[in-house]
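Below is one structure, written out as structure tokens; the observations come after it.
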Amino acid sequence: MNLLQQFNTVRAQSIEMCKPLLTEDYVLQVAFFASPPKWNLAHTSWFFEEFILQSHYPSYKHFHPQYAYLFNSYYEGAGKRTSRDERGTFSRPAVSEIYEYRKHVDHHMQELLQKEMQEEIVELVILGLNHEQQHQELFYTDHKYNFSRNPLNPAYSDIPFAEKGEMPKQEYIKFGTGLFEVGFGGDSFSFDNESPVHKIYLESFEISNRLVNNGEYLEFIEDKGYHRYEFWHEEGWKWVNDNGAEHPQYWQMKDGTWYQFTLAGLRELKDNHPVTHVNYYEAFAFAQWKKMRLPTEFEWEVASEKFQWGDRWEWTESAYLPYPGFKKPEGTVGEYNEKFMVNQKVLRGASVVTSAGHARKTYRNFFHPHLGWQFTGIRLAK
Amino acid sequence: MNLLQQFNTVRAQSIEMCKPLLTEDYVLQVAFFASPPKWNLAHTSWFFEEFILQSHYPSYKHFHPQYAYLFNSYYEGAGKRTSRDERGTFSRPAVSEIYEYRKHVDHHMQELLQKEMQEEIVELVILGLNHEQQHQELFYTDHKYNFSRNPLNPAYSDIPFAEKGEMPKQEYIKFGTGLFEVGFGGDSFSFDNESPVHKIYLESFEISNRLVNNGEYLEFIEDKGYHRYEFWHEEGWKWVNDNGAEHPQYWQMKDGTWYQFTLAGLRELKDNHPVTHVNYYEAFAFAQWKKMRLPTEFEWEVASEKFQWGDRWEWTESAYLPYPGFKKPEGTVGEYNEKFMVNQKVLRGASVVTSAGHARKTYRNFFHPHLGWQFTGIRLAK
Amino acid sequence: MNLLQQFNTVRAQSIEMCKPLLTEDYVLQVAFFASPPKWNLAHTSWFFEEFILQSHYPSYKHFHPQYAYLFNSYYEGAGKRTSRDERGTFSRPAVSEIYEYRKHVDHHMQELLQKEMQEEIVELVILGLNHEQQHQELFYTDHKYNFSRNPLNPAYSDIPFAEKGEMPKQEYIKFGTGLFEVGFGGDSFSFDNESPVHKIYLESFEISNRLVNNGEYLEFIEDKGYHRYEFWHEEGWKWVNDNGAEHPQYWQMKDGTWYQFTLAGLRELKDNHPVTHVNYYEAFAFAQWKKMRLPTEFEWEVASEKFQWGDRWEWTESAYLPYPGFKKPEGTVGEYNEKFMVNQKVLRGASVVTSAGHARKTYRNFFHPHLGWQFTGIRLAK
Amino acid sequence: MNLLQQFNTVRAQSIEMCKPLLTEDYVLQVAFFASPPKWNLAHTSWFFEEFILQSHYPSYKHFHPQYAYLFNSYYEGAGKRTSRDERGTFSRPAVSEIYEYRKHVDHHMQELLQKEMQEEIVELVILGLNHEQQHQELFYTDHKYNFSRNPLNPAYSDIPFAEKGEMPKQEYIKFGTGLFEVGFGGDSFSFDNESPVHKIYLESFEISNRLVNNGEYLEFIEDKGYHRYEFWHEEGWKWVNDNGAEHPQYWQMKDGTWYQFTLAGLRELKDNHPVTHVNYYEAFAFAQWKKMRLPTEFEWEVASEKFQWGDRWEWTESAYLPYPGFKKPEGTVGEYNEKFMVNQKVLRGASVVTSAGHARKTYRNFFHPHLGWQFTGIRLAK
């Protein structure tokens, strides 16, 4: 696929996934971290407008003078903006106007993409498409969260996104001590936080060939895992007690049976499916209870060719930090990753709702330890 | 009009006022006190279902088993419910389903209203209609508040609701010392908090024949009224400083000109229109600055036949308390008024968005002193 | 007693009551409303310095240039100051310095009081002494609160301040409908909020000859009073649930027996002693449960000559508002009372820790409805 | 020195440093992280009682049955306790009682130390002494913080602890790429978080031979460092704006001159002294502004023999995480370090108030990024 085709494919995908929505659903924001679908659709368009069209397409006219204020996410260099928890406070512009906005941006981008372009612009377009894919994943996870708080347990679709078939028999794959190369070194696209390639010295370790499943996690719960401080970080234990946590956030017990809220509504919990929507504190506590640990992000990367991954974003023990020799890009896109490199944990892999072709083994996702609204999971190491 | 006609008129009015809305607007809740239009439409229907149909219409089937949970406002006696600040967290049921719900309730109510009814039920129907009229007023004020937080300043309608023509020339009407009768004593409908009729002893007083206008309030601002503690209650001064208050909440200065956010969008401020959307702290401070005071609710009631009222809910100095001999009704409707009789101030009159025929001179509205999202106003006394 | 003698008596009393304290106790502030003893001692001295010595004693030199900043309570007109919740954040000046400060102020005041004085100054001195008596009461209640949060249950003194002997047999005293005169009309001292004398029209009422006792309040608890919403204001019910309230704040159950924290430490609860440390929400709910009500402040005042009072500050149903024709004093002392006249309830009477001769039947105390750290009580009316 | 002598020396030191205090100072807690001196004295004694005397000295009698509740810091395994922010809420036990408590513990510990002891107990004693030395440092930093909030700027002592003479001329020391060994490998005492020794692969780097000084930091301020988002983490920028931060927390500008609050009171800022009391966000932003970075903890450790350290705890870019193969000790002392290994940054070195002989090059201190009440500093790398 050439770049224009890629552009059209990714942009169409964002619209495709909104088809099951009602107009009412587009507006909803139930927690600061879960953006309304309408906002996601507009923000990904603003990204192309802000970083490409307005500087590299001289005749471009902004669709609306205040959309930058409404749909800038966190780029200080791109001016003032609404705060993250206010994204659900404006019912206007209407959903139909947002679709007009997308058409306007698409039309100009398509014109641009049919011309000769500088390498710098090509890179920004590819960044914009990867950015939009990240928001496609967020669309699912945010929308799931928004629906999860509705007492009616509405379904997004009958396709049971949270579900996953049988996993391989449990084995631990061994790796010997040594120097390894990690980080992204290819020609294709990667994010700045995956670079540069560098060497890392690892002690020998073993890592599980599969994710922890619901049945195993249930044993932790039944062994009073949420009531025994010794498995938890001090902050994790505070989180447990402040929230009265007793199980992963989308689980609920009804008449003695465990259910899980999914994009297909409330479904009975399946023991052999990978556990999901646990936060880092829970992942760590589970590993402590098992007398094992979470892998570091480098153990994971080194080992990743020996096991299947891609169903859950997997918590690692690593903090989100710059690689040795890391350089952030010049200008406002330099705000993409670096400024978040404190107080977050690295997740590796991808999830059932990651757009096809988006992730790779060097990919670094990151979230605060108390958050579990992504399709997160647990892989054990020792 | 007979009761069935009244019912149909009031119910139709709630739908009529939603016509300028987009589907997106129905879902929005921007502050805990400003309910989404969808919720108002459903809640007023639930009121008839809960207090009339389920107990007095034996064959009645609930439209949906969880609507009571979603649309009960504050009646502890009617079971568990969502909290007030969660009304904007559910995009489902869809707006179309709420309209179905209204039809379902209307249909059964219309059947009931064509039969012979006990006096008790007639009274509950009239209460339900007055209740719905209160929510019609709240529809305007809540929707205005929700729109006011949108940086695009959207308009609900071209009719400039907040505006008001010339007022009479300023005069002070005098009343002598004496015993007066206050409270509702007629045969028609009134709320429990207006009863019983009782005597009150008033010292002589003077009261303005008109509301304070924007021009007068502007003088207070220009005389640094928001920066001089001596006019304010301690709590009012804290409110000023915590919020950096400098003017009424819907005012804004642009390029040296004052504008006011209205249901018709942002409009230039008119000096001779009555000031509105001030809270009690502001009304009190303005009166202090004028070396006057706010009237008590009884002064207001006694004097109300000598001046025009109905454009602004008027803050009084009176706290919202039960009248001597007050009795709350038996059962869950007893929660309608009494349980709010602490920490609130009485407002008298009515406003430009009060439904026709809803208010009367003995009517007691009440809000917390820091709130000004109603069409409130100021009348001075001395 | 002449004014100098009065001055010496009141000032000595403040020091006398600190004798059982350790130096450590003087510094403690456990809640924003409970000031450290050190602060009370300094603040009452600052009052004389600020309102009398600095303006009426030309050669007066301030003891320390920053004490006004540290020990001004809430007088905006007297300049900047520490906030109310910061009174426990400074260990210096030392307690010994505060005693030096008192001596310095006393010395100059004593000189002044031996001279001819303008009436205005005499009035300010008397105000200062009444002010100090108010802080003497606060000393006991604040110190009790501070100690109550100590797991060791320390005792201030063996004298069981919270206790009280037998009360009269329960009777209800009847009053007929009519016009009554209320408010302070004498020559001696009173606070501005007690004036002017005015007439009030009261419907006939009955009022209890004694306070509610612990045994009666226990029946309310045992009848699940803290779990039945129907007795509570909406805000009271929220207070119950937010705080998990199950009983008055100083009560605790140990091994099946009720105890009460007192100034003499933890003591077994006595059924026939008046209940104390209830807030307004609790007083109201108790009255609702009894199918009675609290008296208004005017019913209380009219009836007060027919019953004994003085052991508990008694909650009334009245909101704290200015009397008709109320005028606040000129200048900074005008901040003494008026600016608190919103969102508070009136209490009438006095308590076991009120200084001798301080209260009278027209005296108006006032607190926010959720606070009960004073020696508050309940008297029923109907 | 034998163990008994060491014990006596360390214990005596804790008392020595309290000599400049008034009784009032012992009680004060101004922020949740700054414990009262009284609490520190008691807690370090409780540590010996809890972990040694009660299990290894059969006849030991607790000094007071509730001291464990009052003076346990964060050991879940040692039972319930007061919360961290309540340490300043109890004026009793009196300071004199705490000194009695210390004598009681010392007496029994001295008896024990004169006997033959199992290796396990010896290790616990040494841990207890190192623990007490950590609290000796906290004594200075907490007390400084408590005094810093006093408008009178009181001095702890005339010795200007925060000051520091000339530093060497600025040079950057170079290190080549390679494998290095880090972590503690000796026979003497170290904390569990320093183990095990392990290899780490480092890219070549340069590190400053001295700390950043006040003059350099002032340039950052004057270049609007606190007003330019591009130097800050997103969370750092939020911290700046939420707190209106413009300079390090103990700095203040008076009449055009910069001062710094020190343990000797307010002192004029010296340009050539190392900057101190910056938090991690500030350290990172300063380095960004300098177009350099902070070292990792391993770069620091490897380089530490080539420069002087010990005046400031130095922020590193490393997150506080377990070393490969880390094992926490069995039992309640296992809570000493591991449970804090999330959301904190590593600091290396020591500070002017660290007890003599306490630190070493493998020592790992750790704090949350927003905290700067320790004597923290900045060393640059590139």
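Observations, loosely collected:
Letters are used for the chains, namely A, B, C and D, taken in the order the chains are written, and counting of residues starts over at 1 for each.
Throughout what follows, a residue touches a chain if its C-beta (ideal position, glycine included) is under 8 Å from a C-beta of that chain, and two chains touch if they have at least 3 such contacts.
For clarity, every value in this text was computed on a predicted model and none was experimentally measured.
In this assembly, the chain whose C-alpha centre lies farthest from subunit C is A. Note on chain placement: the centre of subunit A and the centre of subunit C lie 57 Å apart, centres being C-alpha means.
Centroid to centroid, with C-alpha atoms defining each point, subunit B and subunit C lie 36 Å apart. Distance from the subunit A centre to the subunit B centre is 45 Å, each centre being the mean of its Cα atoms.
In subunit B, no residue touches at least two other chains. A ring topology is adopted by the chain contact network, closed into one cycle in which each chain touches exactly two others. Chain pairs that touch one another are A-B, A-D, B-C, C-D. Partner subunit D is touched in their complex by these residues of subunit A: 74, 76-77, 179, 198-203, 229-230, 232-237, 280-281, 284, 317-319, 321-322, 324-325, 334, 339-343, 345, 369. Residues 22-28, 30, 38, 66, 69-70, 82, 86, 88-95, 146, 149-152, 154 of subunit D are the ones touching subunit C in the complex.
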